[in-house]
Each structure stands twice: as structure tokens, then as C-alpha cells.
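Below is a structure I'd like to ask you about.
We just call them A, B, C and D in the order they show up, numbering each chain from 1.
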């Protein structure tokens, strides 16, 4: 419960950055923070008390079945995909902001305002 | 420009040894993806970081000499195509798209679990090529230092 | 110490780190603070028994740091002082976010408590994955066998992102004309 | 089962284009046109063969709750037809529009990835898989918005990417909470389990999804990114984004989630109607004030999406028929209007309505087709836009909601108003251009004529008798909300 709330607070810190920061790099970093919080939140949902990682070894399994409790493997599979997506969006945003810097010579979003409204 | 010549001799000598260890670790992670933590994506990033290590230590000019960026891009897209082709093969030999149609083998063996190691190798190669191409492109793009206005 | 205590400690540290990263004036320091937050995520994954993710997150962190530093370090980075309307925006958004936080507190009580997931679907994976797929790593069995279609999507996402980034970076033909018209408007 | 081919074909085309095309674009054009033509044929075939059934395809040969399923029913086939149709015309239009000195195979590869993403979102029955394919479509869209390489295009693309990833993060959080509460990712299974959960939790998840997918659909409070992104992209991409992307990623997913999974809760239907009405009125007024042709069209998209939301919110079968029909109609005429704007911009070098004037002689086909599209979008008979708006208005009156009916009527008149402004300043008025006649390529002409003809032809779909076999099954899928569970799970 407390961990969920702290993780949600971390997410809101990221949202705060996206809403109020005025330079492109800080916005990219805020999106990164939001990504961390989301990933961590979903893995928090997957944890089981007293359980071990979902990888069978000869010590913890018998005939292909685990002998003790294991954590939920499905969210881990999802977050693996989600991290890759985050990597992609980071690369694209960095490429875009480099080009924007080249055009406008600044990272300040208040000066990058050619489009009206 | 200083950037193009790489770092000092000490770094270069250390890199010459360490980069092979990095590659070895990356390949190990990819091949043992179905047995231990790791897998295609993690191993691929390790390989890309190995390439990056060479580029940072020896400079961009050195990398341009022997790495073919066009070839890397082609390898990347052919890996993606092979992944899809494996999926279509699964459709014709197994029960559905991307079905695991090879023999499952014995648990805890390196050569087991059907198509999973093959997919890991494909993903690993693809990711390493893709990430290196991105870093290289970001580094090559030189931008006039601005701010005089 | 139980896992939850460690996680509370790490998460508080990460929140402080994120706020520091967002509020610092120096670019390098804030990028490094973000790196520390990412490492915190990686360590939390280790505590939560997700070694696969810990490795990937750690590598992602190194990669993102290199991209960010490589791309931005030698650029000119000056911001003008925030205007009055901007300070107003900051206060408004902090108030909104705090109220969202307070409103959401009760929602998390309705979810299964920490450490007791439902695991209705996942029980099947834990019991049968190794037998049915032959892979000892059940996470790998899920991403490359049961849900391999997701991984096809993941590969395509990365492919699209790389292709998109290269498309954006390699558009040289307009570079000159666009900088000319940026001079015109200023 | 033919549903997997809707992902395989465009994906294979995209990979092969990046592999084999070097300096020559011919292969890229041939491959992508082939892929999209086969997609269109396949989707029509799928629609005819599906009718009232629901077919489920389980990937990897595993049983349902443990793998990802693709769901083929009338709704998904209908959306696939819309996507393939607009992609085909946009592709034909692009062949001559995207003409540059250096190779542009990247454009075609990204275009095919955009189609893949949308098809994947439409086909899937798994909520996380939906997220992954949504990201493919969005990444391709970000890159394509910036394709022109001008400063304002990067700006629009950056804003779009930031808003897009903000909403994606919201959606991912929603998926996480949904998984934690229901312990499954298959949408039909979620629909089965969700009624047993606490209503406060369910409403909270609904709120998150409404915000997240509302951002993708650009309904009014979440619309800020759309005018920039849609007006900065190249014309065929604008028509893809406005015509199908906001519907495939926004409206379609909202229909699936709120109708088939949550069973159309009354509170959310009220919110749909309110958001829809706000969009209709406010976006229309914003559009009237615009002088930039493409921005005007972008605001018009927001207002027309409002009509779709209004129809869905009323939630009677007749209103849903209107909304579904309006999805098709808006895709057709908005794509056509963006092509017109693209042709005008290509030859006059401006999008400012004040600098145009009397284009009827200079570009007869463009002005004729734009006239048809204008009449259609403003809802004049016998064009398709008239019928969909009429159906929504009648349904609002039948449901005892005269206020919303009035709003829809006022919205139609406002639409007529700002499109008459386009006609008055853009295509009529005094002549300000010296060029006597402008020649446009065959591809652009064909694309515009096809869509102009479709503006008339699709009106046929509402005739009783034809309606039951075309739009009827689609409406059934939406209005028989919870049949989805039993049909997909098969028990």
C-alpha cells in the first residue's frame, strides 16, 4: 500500500515535469521518470511475499514444476517490452530535439513556437 | 578534432582486452536466455555497448574504417524479416502464428526449447545492430554551436 | 529487513532524486541524477525478484545516459528566468497533482495488497511453462513462446523507432533552407 | 483464418522495403501498393465472410487465457476496410506528392508500419498487445509528421510525441491496474471478471482509459496536439492521421473497451455525450477563426469526432449506427479535403486562405472534388455526411435528448459555415494567381476522384435492406455489449 502510493507519487513527479518544464531535455527526462514509475508499479503488483524469481534451476524444481512459491512472471514479460518501447521513444525524442536545436539554436520551448495556438 | 582520435593509449590498451570480454558476455547472455536471466534484448544491448566502447576509445574515424553502417542496417532489417518468417513457419508447421514448432528437448540443456534460442539470437543481433546505428548517427551529426543570437 | 521497508527507502530516495534532477540548473548533474533514479529502479527490480528486468533496466540506463550526454553535452544551454505566468502554472499544476494524489489514495486500497497478487493466469505458466516449452526461464518462455506475438510487436517497435530516428536525423536537404527561414522570422 | 495476414502483409512489406531498396524507389512503391491492395481485398473478403460470427485466432497454438488472441468480428473487419481504403488512396496520392531528389523509401516503410500498427490494434483481443501495436503506429506517425524536415514540422512532431507518450504512460498504468485487479490480459476475460470488482475501482480505471485514449482520439479537452500535428504533416499523412489514426487508436479502442468490456456504463455514456458536444461546438468556432487551410481542416476533425462521440454516448442502436457510419464518412471526406489542401499547397506554396482565390479554372478537379467534400462534410443531401448526421440527430430526439439534438444541428450549420468560408476565399472569389492552368499528376487525380465518388456511393449503405448486411452486424457487435465475452471465450 505505502509502496504503491510512493510509486504513484513518483509518477506524478514525472507528470509535473512534463507539464511545467520549459526545456526539451527536462521534458524528455520527465517522460523517463514517468516510464520508471509505471514499470516499477507493474512489477510491484507482481511481487509475492516470500517468493523467489521465476526461473527454474535444478535446486528449486522437480519434474519441471517449482517446489516453492514464485513471483508472477507475466508482468515481468510485459515490462521487458515496455522498457524497449521506452528506449525507442527516448531515441526518437533525442533525435527530434537535436534537430530542433539545430533549427532554433535553443532548447527553450517558449522560444520554439512557430506554430500558432 | 580531438574527438575523432579517441582517448589515451592506456584506454586503448585496456579496451583491446576488455571489449572481447564484453562481447563474450553479451553472446553468453543471448545464448543462455532460456536458462538464466537475460535474453536477446539484454545481450543485444551489451553487444551494442561493446561497439560503443570501441568507438569512444579509438575515435569515430577508426570505426568508420572497418564498420559498414549500411551493412549493419541491412542485417538489422533481415533479422526482423527472419523473425517474421519464423512466425509464418510456425503458422504452417505449428498451431498458429509464431508457434514453437521445433522439438522441445530436455530441460536445462543449452540446445532445448525449440525456437526460443533462435528467436533470442535474432533479437540479440537485431538489437545490437540497431542501437549501434542510432548511437553512431547521433554522434556523426555535428551541429554548429549556436547561442550567439 | 522485509522487502517492503527496503522498497520504501529506495522509492523515497528515487522521488528526491527525480525532483533534484528536474530542478537542477546544471544539465550534466540532472542527467546524472536521472541515471541514479534509473539505478534505483534496477535495484528495486532485484528486490522484487525480477533479475531479467534488473539487467535490462541497468543496461537501458547506461545506454540512455550515453545517448543523452552524447547528444546534449556540447550544446549551449541557457534558459531565461521564469516569467510570472509560468510560476502561476507551476502552482496550479502542483495543486492539481496533489489533489489527484489525495483522490487516488483510496483506489489503491481496493487493489490486492502488496505481496499478495491474484495470479490466476500466472499459476498455469509457473506449473506448465517449463514442461510445455522446455525453457527454464519462465519469463523467456512467456515472451518468446506464449506471448511471442507481443515480442514481434516489440521488435517492430524498435525497428520503427530506429527507422524514425534515422529519418529525422538524415534529412539534410532542408537543413539549409529551414535555417534560412528561421532567420527570416526572427 | 485470415486475420494474421493483416499484420504479416504490411510488416513484411515494410521489412522488405528497407532491405531491397537503395537509390531506386520503384520497388518501395510497387511493394507497398501491392500490400495495401491485397489488404483491401482481404478486408472486404473478411467482412463478407464474417457477418454475424465472431472468430478467434489464438497465436502460437496455445489456449486462450494464456496467449494472445486476434478477434475477427464485424466491427474489426469494418475498421480494417476503412483503414485499407484510406491507406490505398493515400498511397496512390503519395506516389506523386512525395517526389524528392533523394530516395524516399523510408517514407513508404514508415507508411507500411503505420498501417501495421493500426491493423494490429484493430485485430487484437489482448489489451497489452493493443498497447504494443498502438506504439508502432504512433512511432511511425511521429516520424512521418516530421518527414518534411522543416522547423515547424519538428516542433509539431515533438509536441505530438510528448503528448503521445504521456497518454501511453497513462494507458500502461491503466493496464497494470487492470491486470492487478483481474489477473488477466484478454479483454473478454477482463469483461467477465470486471463486474465482480468494486465499482469505484472500475470507474477509476475507466477514467484513466478515457483520458488516455481520449488523448489519442483528440476529443475536446485533450485536443491540443492535433491541430499542429495534422496540419504540419505531408498531405497524405494528414489524411491518414485525421482519417483513420484517431479513429483506430482512439474511437475504436474506446468502443471496444467501454462497450464490449465495461458494458456501456451510464455514467461514462453521459461523459461521452458531454465531451462530444463540447468538441462539436468549441472546435467549430475555433475552425471558423482559422485562415490556415490545413489547421481549419484539423479543427474540423475534432468537431466531427465530437459527432461520433455524441452518437456513441446516446448508445441506442440507431445512434450507434449513425456513429459507425460517421466513422466511415469522416474518413472518406476528411481524407479528400486533405488531398485538396495538399494539391493547393503544392502548387501555390501557401496554405493561407487569404492568398488564394478563384482556383476553379486553374485546378478544376481539385475544386470540384473539394466542393463535393464540402457538401458532404456539412451534411447536405444526397451525400453520405447528411445521412450519418441525420441519424445521430434523430436518435438524439428519439432518446429524449433534445438539447443534444440541437447541439448537433447547430454543429452542422457551423460546419457548413466554415466550409463555405473555404469555398468563398479559397476556390471562388477574385483571382489572385497568374498561372492559367495547373497540371496535377494522374495519381493525385485518381485518389481524389475515387474518394469523391465514394462520398456519393456510401450513401447507399443506409438504405434498408443494404443496411442490414453492411452496417447492421457492426452495430450488433457494439450494442449487444456483453455478447463479446461469450463469443470470444466460447462458453
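Note that a contact is a pair of C-beta atoms (placed from the backbone, for glycine too) under 8 Å apart; a residue touches a chain by one contact, two chains touch by 3 or more.
As the structure is a prediction and not an experimental result, all values here were calculated from the model.
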(request) Name whichever of A-D and C-D has more C-beta pairs touching across its two chains. (result) C-D
(message) Rounded to a whole Å, what is the gap between the Cα centroids of subunit A and subunit D?
(response) 28
(message) Using mean CA coordinates as chain centres, what's the gap between subunit A and subunit C in Å?
(response) 2
(message) So the centre of each chain is just the mean of its C-alpha atoms; given that, what is the distance between subunit B and subunit D in Å?
(response) 37
(message) Two-or-more-chain contact residues of subunit D, please, as numbers and ranges.
(response) 11, 15, 18, 59-60, 62, 128, 132, 135, 139, 142-143, 146, 151, 154, 157, 177, 180, 185
(request) Find every residue in subunit A that makes contact with two or more other chains and list them. (result) 14-15, 45, 53, 55-57, 64, 74, 78, 80-81, 84-85, 87-89, 91-92, 94-99, 101-106, 114
(request) Would you pick out the residues of subunit C that each touch at least 2 other chains? (result) 51-52, 56, 60, 63, 67, 71, 75-76, 78, 104, 111-112, 117, 119, 121-122, 125, 130-131, 136-137, 139, 143, 145, 147-154, 156-162, 164-166, 168-169, 171, 175, 178, 182
(request) Considering only which chains touch which, label the overall pattern as line, ring, star, complete or other. (result) complete
(message) Applying the document's contact rule, which stretches of subunit B touch subunit C when the two form their complex?
(response) 29, 33-39, 41-42, 45-46, 48-49, 52, 73, 76-77, 80, 83-84, 87, 97-98, 100, 104-108, 112-116, 119-120, 123, 126-127, 130-131, 133-135, 137-139, 141, 143, 145-147, 149
(request) Report the residues of subunit A in contact with subunit D in the complex, numbered from low to high. (result) 11, 14-15, 18, 24, 27, 31, 34-35, 38, 41-42, 45, 74-75, 78, 81-82, 85, 88-89, 92-93, 96-97, 99-100, 103-104, 112-117
(request) In the complex, go through subunit A and note every residue touching subunit C. (result) 1-10, 12-17, 19-23, 25-26, 28-30, 32-33, 36, 39-40, 43-49, 51-57, 61, 63-66, 70-74, 76-81, 83-92, 94-99, 101-108, 114
(request) Using the touch rule from the top, collect the residues of subunit D that touch subunit C in their complex. (result) 11, 14-15, 18, 59-60, 62, 65-68, 100-102, 106, 109-110, 113, 116-117, 120, 128-129, 132-133, 135-136, 139-140, 142-143, 146-151, 154, 157, 177, 180-185, 197-198, 200-201, 204
(message) With touch defined as at the start, can you tell me which subunit C residues reach subunit A in the complex?
(response) 3-4, 7-8, 11-12, 14-15, 18-19, 21-22, 27, 30-31, 34, 37-38, 41, 44-45, 48-53, 56-57, 60, 63-64, 67-68, 71-72, 75-80, 82, 86, 89-90, 93-94, 97, 100-101, 104-105, 108-109, 111-117, 119, 121-122, 125-127, 129-131, 136-139, 142-143, 147, 150-151, 153-154, 157-158, 160-162, 164-165, 168-169, 171, 175, 178-179, 182, 185
